[in-house]
Amino acid sequence: MNPRARLSPAALVAVTIGAAIMLAPLLWTILLSLKANSELMRDTASAFSGPYTLENYRAILVGSSVTHWLLNSLIVSLGTTAGVLILCSLAGYGFARLDFPFRRSLFVFVLLGLAIPEQAVILPRHQLFAWLHLHNSYPGLILPGLVAPFGVFFMTQYFRAIPVELDEAAMLDGASRFTLFWKVLLPLTRPAQATLGVFTFLGSWNDYWWPLISATRSARFTLTVGLASAQMNYAQTSGLGFLMAQAVFASLPILIVYIIFQKQIVAAMAGAAVR
Amino acid sequence: MKRLRGLVAGLVLAALAGGCGTGPKKTEITLQRFFGECGAVYGHSIDVGAAEGECGIVTTLINRFQAENPDIQVDVNVVAWPGYPQLTAQIAAGDPPDLVTMHQSVISDYQGRGLLEPMDGVLGEAGIGPEAITPAGLRGVTKAGHLYGMAWDTIGGLFHVNTRLFAQAGLIKDGKPILPTSADELLVQARQFKTRTGKPYLVQSEVSDAASFVRNFYGYVMAQGGVLFADRRHSRFATPEGARVVQLFRTIEQEKLTTLNQDTPAAIASFMNGEGGIYPTGTWMIGAFDQEAKTTGRPLSGAYAVFPYPHLWGRDAAFVDGHAWVMPKRVRTAAERAAVVRFLKFMAAHNFDWTRTGHLPAFRAVYASPEFRALPHRSDIAPLAAIGVQLPGYVQRQSAIQGLLGEELTSAVTGTKPVERALRDGERRVDELLDQIP
Amino acid sequence: MPSLELIDIRKAFGATPVLDGVSLAMEAKEFIAFLGPSGSGKSTLLRIIAGLETADSGEVRLEGERIDTLPPGRRGVAMVFQHYALYPHMSVRENMAFGLRNAKVPADEIARRVEQAAKVLEIEHQLDRKPAQMSGGQRQRVAIGRAIVKQPKLFLLDEPLSNLDAALRMRTRIELAQLRQRVDAAVIMVTHDQAEAMTLADRMVVMNERRIQQVGAPMDVYRRPANAFVARFVGSPAMTLAPATLVGDGDYARVRLGDGSEVATRVPRAGLPEGPLELGLRPEHVRVGDGDNATVDLVERLGERTLVYARLADGRAITAEDNGDSRVRIGDKVGLVIDGAAAHLFGPDGAGYHAEEPRA
Amino acid sequence: MTGGRRDRLAGFAFVGPFLALYAFLLIYPLFMGIGLSFHRADLFGARRFVGFENYARAFADPIAWQALWNTFKLTVLIVLPLTAITLALALALNRATRGAAIFRGIFFASSVLSVTIVTLIWRFILTPDAGLVAKIVTTLGGTPPPFLSDPNLTIPALAITTIWWSVGFPMMLFLAGLQQIPADMYEAAALDNAGPWTRLFKITLPSLRRTLILVIMLQTAAQLQLFGQAQLLTAGGPSGASRPVVLLIFEVAFGRWELGYAAALAELLFLLVLSVTFIQYWAVGRAAKEER
């Protein structure tokens, strides 16, 4: 396993086949999205050859809710990510650096949360949010995502790994608690913020269960819920090509972001792995 | 990080602005419907007459209502069929829509739990009296002596027939397809059909579509005089009548006299492409198939006919249901209520447009109108209204029951379970569910 | 006016005491080294002065003002950390300016001070670099610069040389010596390296076991260690201590060692305590000569002199010095000649007794 | 650390916001859920205490057992191949070449898609009348397998879809694990004349043991909670043959309105996931101890 060596021919073939399996579904989806619905209705094999059309994409811009869902997803995912980064950084700093009563027990209390799956709380939470009139609202979609015990654990570990000498230097430099946190330590946690941010964003972007039962009005649908409804409605909708165009359109932003920031995202993922 | 914060703030502002953008004096009502999402085609159209299919017609109808009532802001919430889990979640969240499309068979679920508004009042204000509604429609929406919905149509299973293939199979007499008169005959004709055309007799959607098996089962058990629900807590599926029906479909499946493994879109495409003789599905496909038959150069061109389910046992009977507009219980202002009244009035007045989907009208006046009679195939399916049977009104959770029973019927038909056991399992599961109803 | 005053500082971490009533007064602009092994409490003491730890009792005063109640940033002290503790995400300039900004020093004044410090430390061309792009020595200078710009009344240096390689350490030692001439402040340096302390400090504070063992100018401490611990800790190689018994009489003590040999010291007999004594001999006071009273274990050739680690007949280790061109080899029998006039004696409690100073 | 009293207040100010949300949105609902599971409850507020009835029902319910068995099959069919594939990918792509980087990008790309899009894509790969597989098989003269309706094929179909979706992250974990193996171990092995296979089995795999356990356990916990794929791709069908526990919980709660029973099923699943989590801690801890 010399990392500098080239792949053996057999391995190269295997990896190439694997890559083809990864890409083929995406290409197929794109092909379908470029075909007229009536042609696909008769035989989807028509997607293998022209004529291709952008009609389905035009239709999205004219009369589809996908753009609206996309905006909702962005608001929810960015809101969740920002919230998680803020809350977990604050809490991580607090647990790592400050001394207050019950600190250890509270930290263990938070760690217990790592073992609680969403399933155990989603039904009662649905009732809870009903009492609070939070369903079909952005806070209703964002708040559950903010409870990220893993994020607190992760940030706490990261803050702990920063030498205390830096805090002391800053204190001697006359920095207040907040200056110390904001100007000295927080900038040093940027790699951790990136990792946690990528995870949170993807998690929120791809969340399905909660928005399915909380965002029940199409004005508040996220992409996942909206496309699920479009998918289940497929028999009664404007056709396969249009459906696939919606899928492509909805995936484009995140795929583009992924392609542009691939290095950073991969590094961020690896950052979580090393822990 | 800074850029991210800016972006978030911008988006939140944009969202707030979007939410507050509507004028201050508009009354806002939320409608929730299934029938599909076709904004891409009909997003801005108000030309109801030009629209085709359930989705197109309902979309243009609502667009038109919106255009004619600029003081009302109609928020349309399109849910995936049938949308009940979502409605349930909304009601549980205390945030149900103002008006919802609901199958008449499902009304008692929600009505029985006190989740629906009785609509005698609003319907009265809309000028819709019980006398205006068909008997089937009235039966569907009347619960405990009150109207709990505005009936909108009557729907039922039909045999959609490809006459060209029937001719090829030698199953045409006097220009009309020969339909079986007993279960045995059905099998004989189906085998003949398969031998002559090389294609399956039936096109069926069997995947993710428990409803169609359940419709067939209910209809033919009731035709034999069988009782499906002894009382509100007990189902009766494992009966000789039930077994007979399921066995027939099992045999069809076993002998591959039907298309296999198709979901609804696949089955529709299959029938349109002339890959099978009969597609037993609902009234809602008449419009689309008729359109296809009128287009030249298609497998179905000039080769489409439609009939009620044939008489196989006992008496003529078909399981029918209907759609209705219902009002979930919630606080409404007088203005909202008035908007609802206007919407119902509009929908009632346009009931004819809706029947172009293939559904039978819910209003007597439409039945009698010459324009309805002029619609294609309507005389062929007219008997449906007469022979239609529904489940007793005391049966609650019909949507859930349909899911449970559908699973068992699918198992029996596809052969993963013996017929007897599937029916017994269905009975047990449904009874368990019924037992949980408070 | 005295610079720093420590008054009966006590500190315990939980049940473990780390400082047992430490008091000290510094002269103005004095350079003091806290010297001691790890765990002696010297670092804790430094951190209490800086405000990074809170003493359980006692007072810290700086130029007359009580500072132990103030937050670290307001005490008028600056600290150079052992691992420099530079802010990795800030440039050198920002690192140096950070404390001044927090103190709301005007921007042009900050710029002036930073430039000046950078010039003094010869890092003016690296002001826009990040610490990660610099060598260890350069980082050390930045750390010093960060302290200088604050113009503190007292510099605290925590093991400032321990992270540098040998060559750099020598150079930095010189620079620190020069620096202290330039700055108008007192300096405390914590170190475990007695050579550093002796080179740089005006006075050394030798600490062990939670207490100050001795305070004094380096050579005073070297010549007249207050107790056996100081004797052993200060000076390299360490002073040899051997059990000894008092024999005979006279004005000056005469002792017998384990191997039977006797040493006549210049320590006045009067005032010596009862009980077992130890004889303390610095290597330079034990010369290698003819004879066979010791066996050589190890020979360390330093060039200008040679250190001979030998063993007396009773097995007692003793360190002696020989000329640079010594021919002694491991295993040789040698005769050690002890200069009794320079010998020290230590009582049963460790207290030191020294040869009478020749009166001037 | 310093500051005593000020730190106390600051401490709560920093951890307080998270703790408040955490207690209110996770811990409180957790106990609420446990409470619900002992009631016959519907979604609209009806509550009647019934003790362990819901649990007794669950243990007697063949549908619940079927769902559990499906979940188990799905978990095994996903976790094992996924682990093997991603480990192989990591071994193959742990290189500093540009090609390897591109491949890594490709294999990770599917991970950023949402479950809805993944199922949408795969529906039209697998569906026997319109799917890509069907088109290819038909062209070759075969009959396309009914992936979405044959009770023997639906679970494999869900597994394939999930594996396609999930290869990215475990691959990254393995790659990160490989990066941490010191190069001198390989150099030493090369001096000892160890061949590539010996190096793989004696150095690489043992060094990756913690990552391996981590991947298996994380994936197991995730797949025990599989929901979206089953709901969207097969609707749990045919006849529940591919219905995992979470889908059953969803159907029981929102289709059948039996909130109490759904809560009981959720608690049982919680116990299952919890035990997997603890096995993971135990196994990782043991592996760590042995490494030392």
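Some points to look at:
Every chain is named by a letter (A, B, C and D) in the order it is written, and numbering of its residues begins at 1.
Please note the rule applied: a contact is a pair of C-beta atoms (placed from the backbone, for glycine too) under 8 Å apart; a residue touches a chain by one contact, two chains touch by 3 or more.
Not measured: the values here are computed from a predicted model.
Common neighbours of chain C and chain D (chains touching each): A.
Taking the mean of each chain's C-alpha atoms, the chain closest to the overall C-alpha centroid is A. The greatest centre-to-centre gap from chain C, using C-alpha centroids, is found for B. Two chain pairs are in question, B-D and A-B; the one with more C-beta pairs in contact is A-B. The geometric centre of chain B is 93 Å away from that of chain C, both derived from CA atoms.
Rounded to whole angstrom, the centroid-to-centroid distance between chain A and chain B, based on C-alpha atoms, equals 37 Å. The mean-CA centres of chain A and chain C are about 57 angstrom from one another, to the nearest whole unit.
Annotation for chain A: residues 127, 171, 190, 213, 228, 231-232, 240 touch two or more other chains. Listed for chain B are residues 86, 89, 92, 263, 265, 269, each touching two or more other chains.
In chain D, the residues touching two or more other chains are 2-3, 43, 130, 250, 254. Contact residues of chain B toward chain A in the complex are 1, 4-5, 7-8, 11-12, 14-15, 30, 34-44, 53-55, 75-81, 86-87, 89-90, 92-95, 97, 263-265, 268-269, 272-273.
Note for the complex: chain A touches chain C at residues 163, 165-166, 168-176, 179, 183-184, 187-188, 190.
Chain contact summary for the complex, chain D toward chain B: residues 40, 42-44, 46, 48, 57, 61-63, 127-130, 146, 148-151, 234-235, 237-241, 250-251, 254-258, 261.
Residue ranges on chain C touching chain A, taken from their complex, read 47, 50-52, 71-74, 77-79, 81-83, 85-89, 98-99, 102-103, 146, 150.
Contacts from chain A toward chain B in the complex involve residues 41-43, 56, 59-60, 62-65, 71, 74-75, 78-79, 81-82, 126-127, 129-131, 133, 135-136, 138, 190, 193, 213-214, 216-219, 228-238, 240, 242.
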